[in-house]
Amino acid sequence: MLVDFSISPIGKDESLSRYVAQVYKLVEVSGLPHEYHAMGTNIEGDWDAVMGLIKECRDLLLREADRVSISIRIDDRKGVTDGLARKVRSAREKMG
Amino acid sequence: MLVDFSISPIGKDESLSRYVAQVYKLVEVSGLPHEYHAMGTNIEGDWDAVMGLIKECRDLLLREADRVSISIRIDDRKGVTDGLARKVRSAREKMG
Amino acid sequence: MLVDFSISPIGKDESLSRYVAQVYKLVEVSGLPHEYHAMGTNIEGDWDAVMGLIKECRDLLLREADRVSISIRIDDRKGVTDGLARKVRSAREKMG
Amino acid sequence: MLVDFSISPIGKDESLSRYVAQVYKLVEVSGLPHEYHAMGTNIEGDWDAVMGLIKECRDLLLREADRVSISIRIDDRKGVTDGLARKVRSAREKMG
């Protein structure tokens, strides 16, 4: 499945890049296929792997902040294993 | 933590209430504090309980559809255990 | 159309209820059908009315904070004008 | 402001790439800075320009489907005009 997630502390700095950097490090360590974009991080993997990673990110931020906000959007499609690369390509091909 | 989630099959009927009804049944069985609203379901509980429930809902819908879309928003605040009831009340009190 | 939105300042207090109260006031003034829930506010109306209201909420919060985060989910279905009340009821009826 | 949005018809095909292609075309025509990713499209611009574009995408899909689902996330930060390129770069630099 494909998952787009974004996580940030509430009540801390206005700049969030320090926290995003910590999330990126956990994403790298996970070894899961991923795509960073300006509004979140896309991950591809099965439910337990992806949700386990997001839980780790949340545990990490809760060590620095008392409140954390997380947004997750999931596109779960049977039989699709190359979704991260395929989705944008497939739409582009149909632009004609 | 407080979680708002919404789940729907892609490529099935335009009417989704049949699927929402199935989700409601799993929510009831979970025993977790919850609030149904027009755009999703709010659940209160710890990470594993809430995510376990959402995974069950997804497994259920994937038995009927080949593609499922899920949106999850989390507000995780240390020491808050009565968030579901408290949040709207707390804002209302400050309306003055 | 039905719209669930949530708005909060980044880099301010950990408690957000003061800001939510300000949003509630604008919602009341708009006169649009609405439903407050623990994770956001549901509004029913046409595009310009609802988006105009959310823009007002954002303008208000940007007077207090330098950074604002907004999440909006829209369910736009032709011919549905009583969505706010109907959606939960319709699913409940199908729970059997 | 930076906006991540995703739009899809409900009750149509399981494959959505045809619809995404139509959205991409409107994005190109808008001339707004953008970034396509596997789970949505990021746009940078002021409120009216970005929301006007999303409304056009919704009008387009409502000509083909009776129900449309839209997800929008906004990061509105005063004084930031190069957010699309800057956000990932800024976090990467802090990965150390």
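Here the chain labels run A, B, C and D in written order, and each chain numbers its own residues starting at 1.
We take it that contacts are C-beta pairs under 8 Å (C-beta built on N, C-alpha and C of every residue); 3 or more make two chains touch, one makes a residue touch a chain.
Because the structure is a prediction, the values reported are computed rather than measured.
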Inset, instruction - Between B-D and C-D, flag the pair that has more C-beta pairs in contact. - result: C-D
Legend entry - Centre-to-centre distance between subunit D and subunit A (centres being mean Cα positions), rounded to whole Å: 17
Inset, instruction - Determine the centre-to-centre distance between subunit B and subunit D, using the mean Cα coordinates as centres, and give it in whole Å. - result: 25
Legend entry - Distance between chain centroids, defined by C-alpha means - subunit C, subunit D (Å): 20
Inset, instruction - Would you mind listing the residues of subunit D that make contact with two or more other chains? - result: 10, 14, 66-67, 69, 71, 73, 75, 77
Inset, instruction - Draw the chains as points, connect those that touch, then say whether the picture is a line, ring, star, complete or other. - result: complete
Legend entry - Sites on subunit B touched by subunit C in the complex: 2-4, 6, 14, 17-18, 20-21, 23-25, 35-40, 42, 71, 73, 75, 77, 83-85, 87-88, 90-96
Inset, instruction - Show which residues of subunit C lie in contact with subunit D when the two form their complex. - result: 10, 47, 51, 55, 58, 62, 66-79
Legend entry - Footprint of subunit B on subunit D - complex, ascending: 8, 10-16, 65-67, 69, 71
